[in-house]
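Here subunit A shows up in two complexes: once beside subunit B, once beside subunit C.
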Partner chain A sequence: MKHIVKILSLLVAISAFWIGLLQATIIPRSHTWLLPIYFVVSFGCYGLLMVGVGLMQFPTCPQEAVLLQKDITEAKEFFKHKGVDVGSD
Partner chain B sequence: MADEKENIGEKKYKYSIIIPTYNERLNIAIIVYLIFNHLRDVDFEIIVVDDGSPDGTQDIVKQLQQLYGEDRILLRARAKKLGLGTAYIHGLKYATGDFVVIMDADLSHHPKYLPSFIKKQLETDASIVTGTRYVKDGGVHGWNLMRKLTSRGANVLAQTLLWPGVSDLTGSFRLYKKLVLEDVISSCVSKGYVFQMEMIVRASRKGYQIEEVPITFVDRVFGTSKLGGSEIVEYLKGLVYLLLTT
Partner chain C sequence: MELADRAVGLLLSSISLSIFTYYTFWIIILPFVDSDHFIHKYFLPQDYAILVPVFAGITLLSLLSVFIGMVMLKSKKKKA
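Coming up: the complex of A and B.
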């Protein structure tokens, strides 16, 4: 099944649930009409939250740059000894 | 007595490492040196797909072939810059390994992670092992706040729309079973980093088992604006394309 079909089915299911709520009047109609808006806004806020949290926790590795420089120097030395001219960066 | 043969690779499997290059004269030598350092007991070959670099990359590769052996380093060049996807396809034609590793030539992907890719694959029998920069033991160096923000935003959007099952969609440091790579690459049509996304998403849709290992990514190309407005538009178009066609 294509992914888009899965997503559309999910949206259809949610819509059906919402229409069901509208018919059944468990929640007052006025509230039910606003539910999709609440849903979209919450969804958007959750997305923004995920971006913010991920940004704060973004893994960094400054020590890797140092290690890489060491590796580069080591490799250049090796090639110098072997007579391979690698030129300069 | 515990099984003594816990060496990675055990010389049972062969690994083909495909490295597309364009003007990577110095970096290709360093990468080759590091690969040989970190894969001492592994049967592997390095396939350099150079797109007619004017800086002498191919000359360096030929010297490396003299040093390490023409059976360990294959130079399969092309006449001009033809793109990453076709570079992999080209390299694949000459790969004789059971597994294929793809990695970048600019030292953002460090060969020291190759053993962890191999180990993960042997442990899980995964079809694909992909490196992820976005987990605790991984990481990125050299990105400013704006770059990290766009990366994170792009990732959240892609996760929401595509449910890909991997944390790093645009990464290009991966190990594939050779047959799996051949299967997936034949159905991909995108270019650039959307290509990398398409590969992993299509593989996921086809039901291939995908595992992740943490990698660190050192971006040494400081100052170049790799994420302009047009890149963002391309990315969004790519997302929609993947949403509708996978």
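Coming up: the complex of A and C.
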């Protein structure tokens, strides 16, 4: 419940700020009307950028991959000796 | 396989950056430029600057709800 109240109050504050900007005409009127859509689009863009950057910097661990494959073959041998069917490869 | 990951990541970041710069230009800078500057040829009329993101957002929301609806229907069918 508290989380929703926080989010709602944030939204109300942002819309109050926007309406204040509209009344005070610091920025030209036409720009102020387009501000919310601009921020939504730029926020989506920022999310996409973070996903792309994270993808580029994702660390792979080649040594761990080799060790994991060794563990898998070891476990398969063990189970085959015990008579369990390890299925297709 | 990390090369494919990096290529996709680079593609995504470049797409997002280009969309951001194009949109910033469209909305903020273009109204201040004289109307017979050549740059206006490369940008659609300003009304589209509102229509295109709103349309894309509505499409995204409807696709999401269709997907959720299909998943809910499938799970209900399996239970019954």
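FYI, the second predicted complex is superposed on the first by the 66 of 89 C-alpha atoms of A that agree within 3 Å, B and C clash if a C-alpha of one lies under 4 Å from a C-alpha of the other, contacts with A are read in each partner's own complex, and residues count from 1 in each chain.
One rule holds for everything that comes next: a contact is a pair of C-beta atoms (placed from the backbone, for glycine too) under 8 Å apart; a residue touches a chain by one contact, two chains touch by 3 or more.
None of these values were measured; they are calculated from a predicted model.
Among subunit B and subunit C, the chain that touches a larger number of residues in subunit A is B. Judged by the touch definition given at the top, the superposed model places A:K70 against neither subunit B nor subunit C.
After overlaying the two complexes on the shared chain, residue contacts for A:V51 are found with subunit B and with subunit C alike. Legend: residue contacts after superposition of the two complexes on their common chain; A:H81 is shown touching neither subunit B nor subunit C. Within the superposed three-chain model, A:I37 lies in touch with subunit C and out of touch with subunit B [touch as defined at top]. With both structures placed on the common chain, the touch criterion links A:T60 to subunit B and to subunit C.
Taken together, the two structures place residues 51, 54-55, 58, 60 of subunit A in contact with subunit B in one case and with subunit C in the other. Taken together, the subunit A residues at the contact with subunit C in this complex read 28, 30-31, 34, 37-38, 40-42, 45-46, 48-49, 51-58, 60. On the side of subunit C, the complex with subunit A involves touching residues 1-2, 5-6, 8-17, 19-20, 23-24, 27-28, 31, 49-50, 53-54, 57.
Interface of subunit B with subunit A (complex): residues 25-26, 29-30, 33-34, 56, 60, 63-64, 67, 107, 110, 133-142, 145, 148-149, 152-153, 155-157, 160-163, 205, 216-218, 220, 243-246. Chain contact summary for the complex, subunit A toward subunit B: residues 2-4, 7, 47, 50-51, 54-55, 58-62, 64-65, 68, 71-72, 74-76, 78-79, 82, 84-89.
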